[in-house]
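Look for subunit A in each of the two complexes below; its partner is subunit B in the first and subunit C in the second.
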Partner chain A sequence: MLAILKRNKWSYLAMVAFLFLLILLPSQWFLGQKTFLLTLIGINTMVTVGLCLLMGYTGQVSLGQAAFFGIGAYFSAILSTRYDVNPWLAMLIAAMVTGAFAYVIGYPIFRLRGNYLAMATLGLGIIVWIMFKELSQYTGGPDGLGGIPNLSIGGFAFDSNLKRYFMVWFFCVCVLLISQNIVRSRTGRALRAIHSSEAAAESVGINIAQFKVKIFVLSAVFASLAGSLYAHHTHAISPSSFDFLGSVMILVMAVVGGLASIWGAIFGAATIQYLKSEILVQLGNNDVIVYGLLLMLVMIFMPKGLFVSLRDVYNGWRQRRSQRGVVT
Partner chain B sequence: MTTDLFVQSLTSGLTQGCIYALIGLGFTIIFSVTGIINFAQGDFVMLGGMLSFFLAKSAGLSLLPALLLSILIATLIGAVLYLLAIRTARRASVVSLIIITIGAAIFIRGIAGRIWGANPVAPPFFTGDSPLSILGASIQPQALWIIGTTLVATIVLHLFFSYTMMGKALKACAMNRTAATFVGINPRMMALIAFAMAAALGALGGVIIAPLSTTSYNVGAMLGLKGFVAASVGGFRSQIVTVIGGIMLGLVESLAVALNWGPFTSAYKEAIALVVLLLILLIRSRKLSEEERAG
Partner chain C sequence: MSSPVLEAKGLSKVFGGLTALDKVDLAVEAGKITSVIGPNGAGKTTLFNLIAGVYAPSSGEIYFQGKPLGKIPPYKRAALGIARTFQNVLLFDNMTALENVMSGQHVRSRYGFLEAAIRLPKAHREEETISLKAMRYLNLVGLGMHTQQNALSLPLGQQKILAIARALATEPKLLLLDEPGAGLNALEKQGLGELIRRIRDMGISIILVEHDMDLVMGIAEWVIVLDSGQKIAEGTASQIQKDRRVIAAYLGEEEKVE
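Presenting the complex of A and B:
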C-alpha cells in the first residue's frame, strides 16, 4: 500500500530521518521559539502539494487555490463559533462542501485549457473572495471572524503552538503520503500522460476530463483541510488572507518547490513562509516585489522549479563523481 | 429607472467600457502575434494613470507633456518586459509563460506601491470639472474625452494594421508565423512591437480614465481581467469585436448596478464581470481551444 516503503531501503531511511527531524525541530535547543511558524509551514505545505499535483503532474493551472483554502477556513470558523458544531465535524463538513464545489465547477471549467483555464480559475478565486467580503452576516465582512476555538480530542485540547505543531504535521505527513502514493500509482501515470499529450493519453483510453476533475477535487480538499487547520491555529481569519495574492503565494511556494515534486512542496512552503514572516516583514508591504521576482527568475532560468533544479544539479554531480570513480 | 439615471449609467458604462476595450486590444495584439497572454496587461493601465498623476503633480509638467511622457515610459516598460522576461524564456511552456507574466504583474504592482504609496490618486481633468447637462444627467467632460480618444485610437489602429508596412507585417505574423519569416519578417521584432503597442494602449486607457475614476497601485488585476473578457469576446483575433465586447461589458456592469435588483448591487459589481467572464469562456471553450492550438 505505501509504495514509498516498498521502493528501497534508502527512501525508507529518508522517510524515517524526515520524521525524526520533524520530532526534533520544535525542541527548545533547536527551533523551539518558532513553533508557530513551523505549524504555518505545515499548513502551507498541504495547500502547495495539492497545487503541485494539479500543475506539476497534470499540467493544469489553477490561480484560485486560495478560494478553497478560504472556504475551508470560513466553514470551520462559522460552524464552530456560531452554530456550536464540533470543530472536527465542522472540518469534515468544510472538506466535503469544498470537494463538492470543486466537483461541480470542475467539469465545465476543465473543458478549458492553458491561458483560458488560468483566467477562469483566477476569476473564480476573486468571486469567492468577494463573497467572503460581502456576505458579512455570516463571514463578518472585511474584518473577518475571531474567537475560533482550539481543536480537541476528548479532554485534550490543542491549545499551544507545540501541540498544534504535532497535530498539523500529522495531517501534513498523511497528505504527503497520499500524494506520493497517487503519483506512483496508475492514476499518477495517467496524470503524467495527460501532461505530456492529451491526445495520446486519450488514445490509450484515459478519461481526461474525469482525471483532471478528480485531481482538482483532491487539491481543493487538501486546501480546505489546510484552511480549517489554519483557522484553528490562528483563531482569527479575514478575507485578506484568501485574495488573489493569497493564490499567488501558493503559486510561489509550488514554483520554488519545483512544480512536479511532492517533497519539494515542503521546501517551497518552508522557504517562502520563512522569507515572509522572518525577513520580508522588515521591508513592510514590499514583499510582493520579491515574490514577483522569484516567479519570473525561477520560471525563466529553472522552469522545473528551484528545488527540482537543485536536486538535478546534485544528482548530476554525484553521477559524474561515481563515473570518475569507476574509471580510476 | 428615471431618464437621467439611465443616461448617467449609460455614460459611465460607456466610459468604463472604453477602457476595457483598450486593454482588450492590448491582449488581442500580443496574443495574435505571439500566442502569449500577458497577465500584466492591466498593470499598464495603472502605470499610465499613476505616471500621469506624479509627472503632473510632483514633476510639475504641464498636462500634455505629462500625458505623452507617461505613455512613452509605460511603452518602454512594456518593451523591457518582453526583452528581459519573455524573450529570455525561450521555448517556455504555456504554464511557464503564465507564471512569468503573473510574476511581472505583481513585481510592477509592488514597485508602484513602493514608489507611490497605497493611496488612490486622481490626476487633473483634461478640460475642467464643470459637468455638462445632457437629458437631465450631469456628465463630466472627461467622459467625452475618454469616448473620443478610444474612438480615435481604434480607427488609427485599424488604419495602422491595414495600410502601413509594419502593421501588415504584424498581421502576417498573426496569421502564420513561419510563413512570415519566409518573406523576411522577424517574428521577435514583431513580438517586441506587439508588447510595446499593448503597453501603450493600456497606458493610454490609464491616463484618460484616471482623472474620472481615480487610480492606485493595485487596480491592475481587476482591469486586466475585464480587458481579458473583452478580448475573449473577440476570440483574441478580431479588434473590432474586442472593442464592442469591452463596451458591452462596461454597459452590462453599470446598468446592472443601476437596476439595483436582487444580487446586482454595487458590492457585487466586480463579480458581474467575472460571471460574464466564466460564461463567455464556457460558451466559447471549444472555439478558444482551437484558436490556441492554431496560434
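Presenting the complex of A and C:
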C-alpha cells in the first residue's frame, strides 16, 4: 500500500515539474527563439503517442500514420479556407472523418498480422498520399494549400508562435493524460494482453478484433487532431509532409522514445524534430540516412527505446545506491 | 447422475487428412473433476480447443449447460463461463502477477475506453473491485506474496498456478486445465491436486487433461480415455485402472516408458 502512495507522490511531482518546464521553456532567457520548433514537437508528440498505444502497447504495426495526420491537416485546411467553416468545427469534422475512416478500414486490415499488417498500412499511407497529390481541385496538388487562417477563441487569435505553443501543448497534455489513463485501465490491460498472447487474451474474454480497431481509431484521431493543429500552425501544407517518409519519422520518434512508454513519446518527438530542424539541415534530404541509422542502432542496442533504457539505467543506479546505503 | 455441465455428441475434427477426433460422445458432470487421458496425439488438446471455441468442429455439437455452443467465438465462451489454461502456460509476459489475474476479470467488468480515458468514477470503482477480486484469487492459489513480480520471473510451478488464478478470475462454471502438472515436482503436484479439489469445492466443474497418472488417479472422479481420436473407455479411476483396453493402449505403455 505504501509503495502505491509513494509512486503516486512521485508521479504527481513529476507532473508538476513537467508542467512548470512547459511554461518556462518558451521564455526569452530559455528557448524563447525556438517556439516554432517547440510547437512542432508538441504536434509530433500527439501523433507519436497514438502510434505508441497501437504499436508499443497493442503490438500492431502501422506504417501509415502520416495518412491520418494528413487527412486531419487537409480537412482543416480545405474546410477553413475554401468553405469558410469555423476552424474549430473543421478540426472536429476532420477528427470524426478520420476516425470513421480508420474504423471502416480497421476491420479488414486487422485480419492481417505482423509483416502483412505492416505492408497493408504502408499501402494505405501511400494511397492516401497519392490522393493528396492528385485530387488537386481540392488539395491544390503537389503545391498544397496556403493561407490557412489562425485558430481563435472569440476575439483572441492564436497568431504568434508563443500563443500557438501554449494551445498545442494544452492539447498535447490532454492527449498524454488520456493515453496514460487508458494504459492504466482495464482497456490498457486488454491491449497489453493482446500484445502478449492473442490466444490467452481471448480465453479471458477479450474481443481482440474490436480492441485492435478501437485503438487504431484512437491513434488515427490523435493524428488527425495533430494534423489540424499543424495546418493552423504552419499556415501552409503540401503532400510531402504526409508521405511514406512522414510515417517513418513518426515510427522513429516512437522507437526512440520507447514504444511502450507514453512519456517517452515527448522525448522521441523532441529528439527527432530537433535533429531534423536544427542539426541535420545542411544534409538536406540525406538526413534520412541518419534516421535510418538511429532506428537500427536503437533496435539493436536498446530495443526498449532510448528513453526507457535511460530510465532503466537510472532506476538501477538508484536501487544500487539505496542498497549501499542500507549496508553502510 | 445430475445434469451434465458439458456434453459432446458425435464430435469430430479433421485436419486435412488427419482425423484428430472421431465421433466422440461424452458428458461432463457438474461439480465434478473429470479427467481426459490418452497417449500423445489422442486428441485431448483438440477436444479442449473445440470446447474453448478455437476451432469449429468438423461435425457434431457441443452443449454447454444444455445449450449448443455452435460457432460462438472464444471470447464469448469466456463470458458464458468456460475458462481454460494452456499447455504452454501463455501468461501475459508484459504484466505483473496481479495484472495477469486482473486481466482475467476482463470478462466480468464493463468499463471501456471512454470511462478509462477521462477517469470517470465508474472506472475507478470497477478498477477497485477488479484489483480486490484479483488479490483474492491470488491469495486463494497461494501467490499473494508475488503480486508485483513480473509473471515470467516466477518459477514454472508458480507460473502454472498463476495461469489457473487468471482462469479463475473469469469466474467460470467450467474450468479446462491442459496439463497443469507438466514440469512440476512431486511437492508442487501435491499442492496442485489440493488446489484443484478446492476449486471443485467452489462449485466449479473441472476437465483435466494430464499425463501424470498419480495426479489423475488421485483426484479425478470420472476418467475418460481417448486413443487416436476415439473414446475407448470411461469410468471411475479404479475402473479405468482395471480396464484391459486402456492398459493395452495406454497405461502399459506408460509404465514401460517410465
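Everything below uses one rule, namely that the second predicted complex is superposed on the first by the 321 of 328 C-alpha atoms of A that agree within 3 Å, B and C clash if a C-alpha of one lies under 4 Å from a C-alpha of the other, contacts with A are read in each partner's own complex, and residues count from 1 in each chain.
In this section, contacts are C-beta pairs under 8 Å (C-beta built on N, C-alpha and C of every residue); 3 or more make two chains touch, one makes a residue touch a chain.
Keep in mind it's a predicted model, so treat the numbers as computed, not measured.
Look at A:Arg192: by the touch rule set out above, it reaches subunit C but stays clear of subunit B. Of the two partner chains, neither subunit B nor subunit C is touched by A:Ala90. When both complexes are overlaid on chain A, the residue A:Leu218 reaches subunit C alone and has no touch with subunit B. Put simply, more of the residues of subunit A are touched by B, taking subunit B and subunit C as the two choices.
Contact with neither subunit B nor subunit C is seen for A:Val47 once the two complexes are overlaid on the shared chain. By the touch criterion defined above, A:Val204 reaches subunit C but does not reach subunit B. In the superposition on chain A, A:Asn181 makes contact with subunit C only, not with subunit B. Residues of subunit B that touch subunit A in their complex: 37, 39, 85, 88-89, 92-96, 98-100, 102-111, 113-114, 118, 221-222, 225, 228, 232, 267-268, 270-271, 274-275, 277-278, 281-282, 285-286, 288-289, 292. Contact residues on subunit A toward subunit C in their complex (touch as defined above): 3, 178, 181-182, 185-190, 192-193, 195-197, 199-208, 214, 218, 260.
Taken in their complex, subunit A has these residues touching subunit B: 55, 59, 61, 63, 108-109, 111-116, 118-120, 122-124, 126-127, 130-131, 133-134, 244-245, 248, 251, 255, 259, 285-296, 299-300, 303.
By the touch rule above, subunit C contacts subunit A in their complex via residues 52, 54, 73-76, 78-79, 83-84, 86, 90-95, 99, 102-107, 109, 111-113, 116-119, 123, 126-127, 130, 148, 166-167, 169-170.
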